[in-house]
Amino acid sequence: MNFKPLGDRVLVERVEETNTTASGIIIPDNAKEKPSEVKVIAVSSEVEDVKVGDKVVFGKYSGTELVLEGKDYLILDTSDILGIVA
Amino acid sequence: MNFKPLGDRVLVERVEETNTTASGIIIPDNAKEKPSEVKVIAVSSEVEDVKVGDKVVFGKYSGTELVLEGKDYLILDTSDILGIVA
Amino acid sequence: MNFKPLGDRVLVERVEETNTTASGIIIPDNAKEKPSEVKVIAVSSEVEDVKVGDKVVFGKYSGTELVLEGKDYLILDTSDILGIVA
Amino acid sequence: MNFKPLGDRVLVERVEETNTTASGIIIPDNAKEKPSEVKVIAVSSEVEDVKVGDKVVFGKYSGTELVLEGKDYLILDTSDILGIVA
Amino acid sequence: MNFKPLGDRVLVERVEETNTTASGIIIPDNAKEKPSEVKVIAVSSEVEDVKVGDKVVFGKYSGTELVLEGKDYLILDTSDILGIVA
Amino acid sequence: MNFKPLGDRVLVERVEETNTTASGIIIPDNAKEKPSEVKVIAVSSEVEDVKVGDKVVFGKYSGTELVLEGKDYLILDTSDILGIVA
Amino acid sequence: MNFKPLGDRVLVERVEETNTTASGIIIPDNAKEKPSEVKVIAVSSEVEDVKVGDKVVFGKYSGTELVLEGKDYLILDTSDILGIVA
């Protein structure tokens, strides 16, 4: 797959996730601002804070969905990435 | 066709697209922010990130429709272009 | 007619237009953001991107209508001009 | 009358006007953004673009009404002045 | 009375006013943005455009009311002062 | 009490106040923007305009309430402080 | 737990709190802007004002909830931290 994000954007791929909090309560899918964990697939040349391969967390309703070669991706502004999971 | 975009704008032409995601689900036409793939036809002299001929992806409801010599185009702000498809 | 626009404004005159797209479909008059083609009649001394005589395209609901010596004009911010038609 | 506008403001006096377009159609008084022609009476020391005595055009609902020595005036931001009529 | 305004603020005292325009029409008290004339009592050290003792005009609904030693005052941002009456 | 405000914030303590204007009229408690007098208890290292011990006036609905060691305080942005009462 | 906040963000952990003011009145859980006390667990490399281990106070509805390794955290912008409790 060959995609070059522009501006301060990164292309990410969703990582499987469960909608359960630490205490076992299920968060309904429309919970506002629940962060999601994704893997970085491509970064704009302007982006310095994250690298391809990083697992990052972002506010759930940030980003734009995008289909490339039949696969689902998300494009995020770097500023919407909350942090990197090591 | 002879059109010179101003500011940080580019003139693009729609590329045929299908409204189907990777998993085969049809996205209704009024889906918010579905990105579209277009080809760049002309760029403002201020634009550095994209070139004529680039295939780019942008948020669906960005841009202004424009008819030039009987053909449909879109004018986009470069900042609304999410990335370049190689 | 003698009018000197201030700021980044230009004075333009409407060019006759048809409300039909390339495919022959008539766009209703209240279509949002349909661009219009106009001719530049006067420019502020601060404006560099367009010249008197240029045919330019702008978002339809930009600009302020103005009557000077019994004739209808529009005043546009240069930033609302999408591009120049050659 | 002795009034010194502050900031980028100018004091103007309304010039008699007709609510008729070039084509003879009467514009209702509540028409949004119909520009009005006024004469500049005093300018702030920060204002460079217009001088006392200039006839200028501005968006109708810009400005603040002001009574000085029993006479009606308007105070305008220079940025709301569309241009100078010569 | 000892009060030191901060930022770009000034302390002013209302001057008696009538709600009548030049043409004798009474403006209802809830008229939007009717300017009022006040006297400057104290200025912040950052303020350069007005001095203590100036009679100034401001948009009626600008400012914050304040009681100091049993007397009514207003605190205004200098940017809300339209001009100085001489 | 040991609290260090961040940014341009200050920690203040309410001073007893009456809801009566100079003319004896009682202002209802939900009056918008009635300023309140408070004493400064702690200031951020970035704050230059006010010092600990100053009696200051601010717009009533500015600030965030805070309980520290069982006592009620307010945290204010310095820019919301209208002035210092001497 | 290994998480690196980006931008001006910090990762914090809630500290047990009571919903009672100094005067013993219980604040309902939906009180707007009630500040909360939390402990800082990780800070972005751009953050200078707070350190890991600091107990900080922030506006209650600031921040984004985040589950890491089965435990609940919050991510805060440093600018939403009101101050440090010593």
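Chains: A, B, C, D, E, F and G, in written order; residue numbering restarts at 1 for each.
Definition applied: a contact is a pair of C-beta atoms (placed from the backbone, for glycine too) under 8 Å apart; a residue touches a chain by one contact, two chains touch by 3 or more.
All values reported here derive from a predicted model rather than from experimental measurement.
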item	value
Fewest touching-chain hops separating chain C from chain D	1
Shared chain contacts [chain D and chain G, defined touch]	none
Same or different contact residues where chain C meets its copy chain B, judged by the half mark	different
Centre-of-Cα separation between chain F and chain B, whole angstrom	52
Centre-to-centre distance between chain C and chain A (centres being mean Cα positions), rounded to whole Å	42
Chain centre separation in whole Å, for chain G relative to chain F (CA means)	23
Contacts with 2+ other chains: residues of chain F	none
Chain contact topology (line, ring, star, complete or other)	ring
Chain C partner contacts - residues on chain D that touch it in the complex	21-23, 33-35, 49-50, 56-57, 59, 78-79, 81-86
Complex contact set, residues of chain D against chain E	2-7, 9, 11, 42, 44, 64-68, 70-72, 75
